[in-house]
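Take a look at the structures below.
Heads up, the next two complexes both have chain A, just with different partners, chain B and then chain C.
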Partner chain A sequence: MKGRKDIAWKGVRKQRIDQWGHIKPIENDFLLNPLLLDIRGSGIERKEYYMADEIKKRKTPLLDELEEGPWPSFVTDLKKMAEKKPKANDLLGQLELSYKEKKGHWKHGGLVGVAGYGGGVIGRYSDSSELFPNVKAFHTCRVNQTSGWFYTTEALRELCDIWDKHGSGLTNVHGSTGDFVFLGADTDALEPCFSDLTKAGWDLGGSGSDMRTPSCCNGPARCEFACYDTLDMTYDITMTYQDELHRPAFVYKWKFKMAGCPNDCVASIARSDLAVIGTWRDNIRIDQSAVKEYLDKGLNITSDVIMKCPKQCISLDRNELRINNEDCVKCMHCLNVMPKALRPGKDKGATILIGGKAPIMEGALLSSVLVPFMKIEKPYTEFKDLIERIWEFWDEHGVSRERIGECIQRVGMGNFVEAIGLEPLPEMVSSPRDNPYIFYEEYLEEGEEEEE
Partner chain B sequence: MTTQALERKTDMGPPHYERFLHPIIKENYGKWRYHETLKPGVLVHVSETGARIYTVRAGSPRLVSVDFIRMICDLADKYCDGYLRFTSRNNIEFLLADKENIEPLIKGLNLKGLPVGGTNNAISNIVHTQGWVHCHSAATDASGLVKSMMDELYDYFTTMKLPHKLRIAVACCLNMCGAVHCSDIAILGIHRRPPKIDHNALKNVCEVPTTVSSCPTAAIRPATVEGIQSVEVDEDKCMYCGNCFTVCPAMPLADSLNDGVSIWVGGKVSNARTEPMFTKLAIPYLPNNPPRWPEVTSAVKNIVEVYAKHARRYERVGEWINRIGWPRFFKQAGLEFTKYHIDDFKHAGTTYKRSTQLTQ
Partner chain C sequence: MVDKVPIEELEEAMYNIVKEYSGKKKFKPGDLTKEMIAQFGEDRVTKKECKDALKELIDSGRLVYGYYGGTSVELPHVEGAAKDI
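Up next, the complex of A and B:
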């Protein structure tokens, strides 16, 4: 820690710009602020470096280097916003500090949100608000995106205008769970922003221990592989469980993702607790004339399709493609290579998988099969009944911050399946157990006879 | 303005998606027959009725301002009747009825500095998290890493010359808000030291039982430190996940000296050919070296190039490595294999090699 003398300002900044662009005197005496003293102990030059003489523009020599190069630069975009928005300006300043110190400067949490909701807003505070007063509070609002992320420019402009009015003007399009993310709101701005959003027909998504905003691939809207209506199901589930979405009452987060086919473009098997992945259970539809077209265009069907089939169930017989559908596992490879010639069967539905998650806490999991095949049709009653049985079980047996995948590992898949009223099926496992430590539940007491 | 003065509606949900569908999409919903890739970044979907919708896919930094969104809206108004969408990898997809508008749109996008591509055997946009821009537990910055890498890999976005699609993801800590655990190449921010406890602050801002139970390895115990009710961390058990910091802000984990980046390879989520796979550790630690992370970008580029050179057509990174074996992957990529590569967490034994099937 340097001596008091070294800490003295060289040019004291007496004014700051607030989030509305008004010039305000600085209320805090920096020298008396223990937090700042501590920070300054690690680098006296910070004040000069980041506050500079000019109040308006942050100096960002490190970030400036990210304006070079062919990929679009978020720094260039941030800088343009910083000219208009003090919040964006201070974000740039704080980010530059992070780049210099190789360390983040955000604090988590705090109970912020809109009245009546427990989710949708994530509290975020700067740990260096003395240096960057406009990002003292920089909360996230998750706006529930549209199914399949389809928009009109009218809708996007509407969202932009709302966010321009109430926040930093910075967004994530989209966040990892799928929401349209408003990045950087003051606590006071949350209610007015929410009011304008709902007036325009938008609502918040989930956060915390609730049902997170469901999301889906573009499905039947623009994909020939979609085996069910991912957009409608996502909308329906989102509407049915508004309470679960907005008011965290689970032991931990719960994510739904709807993928139209086993290509799983929304990564549902890895990124959701409950993945609905479209599939079919009859024969792949073949258009032999289109097969011939691919052959004529020079596609090497033997090497690119037949030899890549994981179950070796495709053959080419005098330019006619044959598929042994009984052996097919619907991996999608042949359809991906020859979409014009091959289509999923007509008896479509989905495989329901459960338990996917990232590493926190017990390690990453991929979802595993719960229902090998389910018809997915409006009003999704069978699906919802299943979900509600699972939630009931999780509510009763899950412990705090335990995802359903971890809960199932702890209680055992067999017990879980039994508790929610499903039959154990060989499709649920890659193999039966290979250890003999079986907890038998049926046995005979002395004197009892085995029933005939 | 008070809460009472505001008109309040709740639980109305998102607007119905139908409002946002292009008329051609609405008419051909569920009737799509096939698609073709006309050139990198340009798709055509053909309906049973013969109707066509064209898609132009452009890269985006994901962290974008309202003015950036308005800029892409201007282009969509001009060439797409105002209809567009976003992909799960944060690409922008412009939906066009008229084939004639494809080239002018691409020209317009390029003028604004947006690349067109990311389809088929390309590197699509990098899925990433918040990083230092907005996250409390970040061990690195995501946006800067992505920008630095995509500058290097730009050519792989705008062409389709790889053996198969290649998906890269960045997560700035072990929470992995991006699906980095199932990407072809994953860049993961890592902390390497246990949290530092501010005992004075802890008693005011944290619940001791919640903090204790937040630890996956039971490394946190209640403790009285200099008369203050607090916690202590068994440093040998801590694996730097940051779970405690999320529930207890008095246990910061960020460490300028030791935080950095690890590189993982071989994951996938698609079921095509092989089953979905987790990524596996390739490089346990590279330093945080902003603003350009030269060590990370060159390591990733090297892996991409080795894959491009050696993998067969339609092999994803994980499929290629499974065919050639991990020893040869480490050799071909010129990577050191260390004790950190051998799992020692729960179920570690499942990754030990239990056969003599080894290449020379």
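Up next, the complex of A and C:
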């Protein structure tokens, strides 16, 4: 940086006077020890500036502690990236400051995005851009992930090359929404980045009050328990509801998650507004020769399988396994312990559950059963009809920032089920035989209500 | 048979309501649809037409999506967080 005249201005920002006498901020100037500065107060203790053509490492004693221990540390990755990316270097500095002051230094943006889309970009700005000019804008882009998170190395390189070109190079693979997340872009970089992504066949995911990027487990690609094609359904839903994904029109966010079997590896029951969990309605398939093999190899079926069955519907009769399928609640324990001997039945489909969410506005909710069994087959017409009826109801009755689960709690499951045209079923009720709030009208004798 | 509201008129009505309440009230896309149905009548505009009108307004850049807790539709402006303190 030879030949530039540097001045310090209230310790806030380093500036230079250009050849026309205009004061300009210096880009990529790095503070050797920003933690000693009190930039907004008057008590500026130290003004040690450092400028160099190379990026100088920041001192991060607090963050360094996160590198200790046996686990991989994001700090190590950040430092690695900071050697070549000024944004990553300033991010380290700001994070260290946050740890020191015990407060965050991000401001939430709300307007940034790409033309026509209302989701996919989450605005972030630094409230300490004087100290960390390279993270003044540090927006996040959510890239719609592949179904089941399968990538070729070529695809990963392509994504990383695009992000190296336009952003900080830092990624979060994958974010809690499931998207492939690009962390840290300038506002001006968003459109070119989006353009490069779309040219390469990628798209942004969801954010805001829209349908979030649907996600699913590996499904039949790698799992023998998958009861339907989670990958295909996720792709189909994503393509069918492009408007709902990119143009937020709901009262709040909406998440789909497809799990191939009741193991629910994507935690759809807890983390999605609408969970599609694979199941079957005939009998568990048993290979008795494989059962014998497990016994021969020393598996204690009585203690490890039979005693752990929540419905006590398994028995062992002279080395033959018997299952009372009518009592089975598809907990998957026996199948998980003896995958070679037990398989889901052949009449496969899914249970549709509604209302799960993590705590944000209200507390966490687990999903409730909406449809105990639905055949999940292309073109998913029955499923889509149901979804559209639910959205119609939510649009009409949901209030601002109310998830569907909260909406159902407010209006009552009975009213909701009636409004979307479903018949109430015992499977919708947790412990229906013991629940004092559930009545079976057909069991009431005529005149019984009046007598009470 | 009732006259349907042309999409251009719907766009203009949506834009005007956002402009009128700018800084006072944030409209969600669904709120705008409800406003339009209330203004023109259920027989003259449908939800689908409102959705199409909003799509045009967003694609033309006259209105933009904003996010502050929930998504709303706003006039384009430099957001507060982007400004230096």
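By our rule, the second predicted complex is superposed on the first by the 375 of 452 C-alpha atoms of A that agree within 3 Å, B and C clash if a C-alpha of one lies under 4 Å from a C-alpha of the other, contacts with A are read in each partner's own complex, and residues count from 1 in each chain.
Assume a contact is a pair of C-beta atoms (placed from the backbone, for glycine too) under 8 Å apart; a residue touches a chain by one contact, two chains touch by 3 or more.
Predicted model, so just to flag it, every value in this text is computed and none were measured.
Engineer: A:H108 in the overlay: touching chain B, chain C, both, or neither? Say first, second, both or neither.
Structural biologist: Both: A:H108 reaches chain B and chain C.
Engineer: So in the superposed three-chain picture, is A:S207 touching just chain B, just chain C, both, or none of them (first/second/both/neither)?
Structural biologist: It touches chain C, and chain B stays clear.
Engineer: Check the contacts made with chain A and report whether chain B or chain C touches more of its residues.
Structural biologist: Answer, by number of touched residues of chain A: B.
Engineer: May I ask you to decide whether A:R401 touches chain B, chain C, both, or neither, giving the answer as first, second, both or neither?
Structural biologist: Both chain B and chain C are touched by A:R401.
Engineer: So in the superposed three-chain picture, is A:P248 touching just chain B, just chain C, both, or none of them (first/second/both/neither)?
Structural biologist: second
Engineer: Is A:C141 touching anything from chain B or chain C once the two structures are fitted on A? First, second, both or neither.
Structural biologist: neither
Engineer: Now for A:Y235: first (chain B), second (chain C), both, or neither, which partner does it touch?
Structural biologist: In the superposed model, A:Y235 contacts chain B only, not chain C.
Engineer: After superposition on the shared chain, which partner residues are touched by A:I323: those of chain B (first), chain C (second), both, or neither?
Structural biologist: Neither chain B nor chain C is touched by A:I323.
Engineer: Using the touch definition from the top, say if A:G118 reaches chain B (first), chain C (second), both or neither.
Structural biologist: second
Engineer: Could you look at A:Y99 and tell me whether it touches chain B, chain C, both or neither (first, second, both, neither)?
Structural biologist: It touches chain B, and chain C stays clear.
Engineer: Need the overlap of the two footprints on chain A, from chain B and from chain C, as residue ranges.
Structural biologist: In chain A, positions 107-109, 115-117, 243, 400-401 sit in both the chain B and chain C interfaces.
Engineer: Flag every residue of chain B that touches chain A in the complex, lowest number first.
Structural biologist: Of all residues in chain B, those touching chain A are 1, 3, 6-17, 19-21, 25, 29-30, 32-36, 45, 53, 55, 59-70, 73-74, 76-77, 82-88, 90, 95, 113-115, 127, 129-138, 141, 143-144, 146-148, 150-151, 154, 157, 171, 174-179, 181-182, 210, 213-214, 216, 241, 243, 245-246, 249, 254-256, 259, 267, 269-274, 276, 278, 288, 290-292, 313-314, 345-347.
Engineer: Using the touch rule from the top, collect the residues of chain A that touch chain C in their complex.
Structural biologist: It is residues 40, 107-113, 115-119, 122-123, 125, 127, 129-130, 137, 187, 207-210, 243, 247-252, 395, 400-401 of chain A that touch chain C.
Engineer: Given the complex with chain A, which residues does chain C contribute to the contact?
Structural biologist: Per the stated touch rule, the residues are 28-30, 47, 51, 54-55, 58-59, 61, 64-71, 74, 76-77, 79, 81-82, 84-85.
Engineer: If you look only at chain A, which of its residues touch chain B in the complex?
Structural biologist: 62-63, 65-66, 68-75, 77-78, 80-81, 88, 91, 95, 98-99, 101-109, 115-117, 124, 138, 140, 144-157, 159-161, 163-164, 169-174, 176, 183-184, 191-192, 195, 198-199, 201-203, 215, 217-218, 220-224, 226, 229, 231, 235, 238-239, 242-243, 246, 262-271, 277, 290, 303-304, 308-310, 329-333, 336-337, 339-340, 343, 358-364, 366, 400-401
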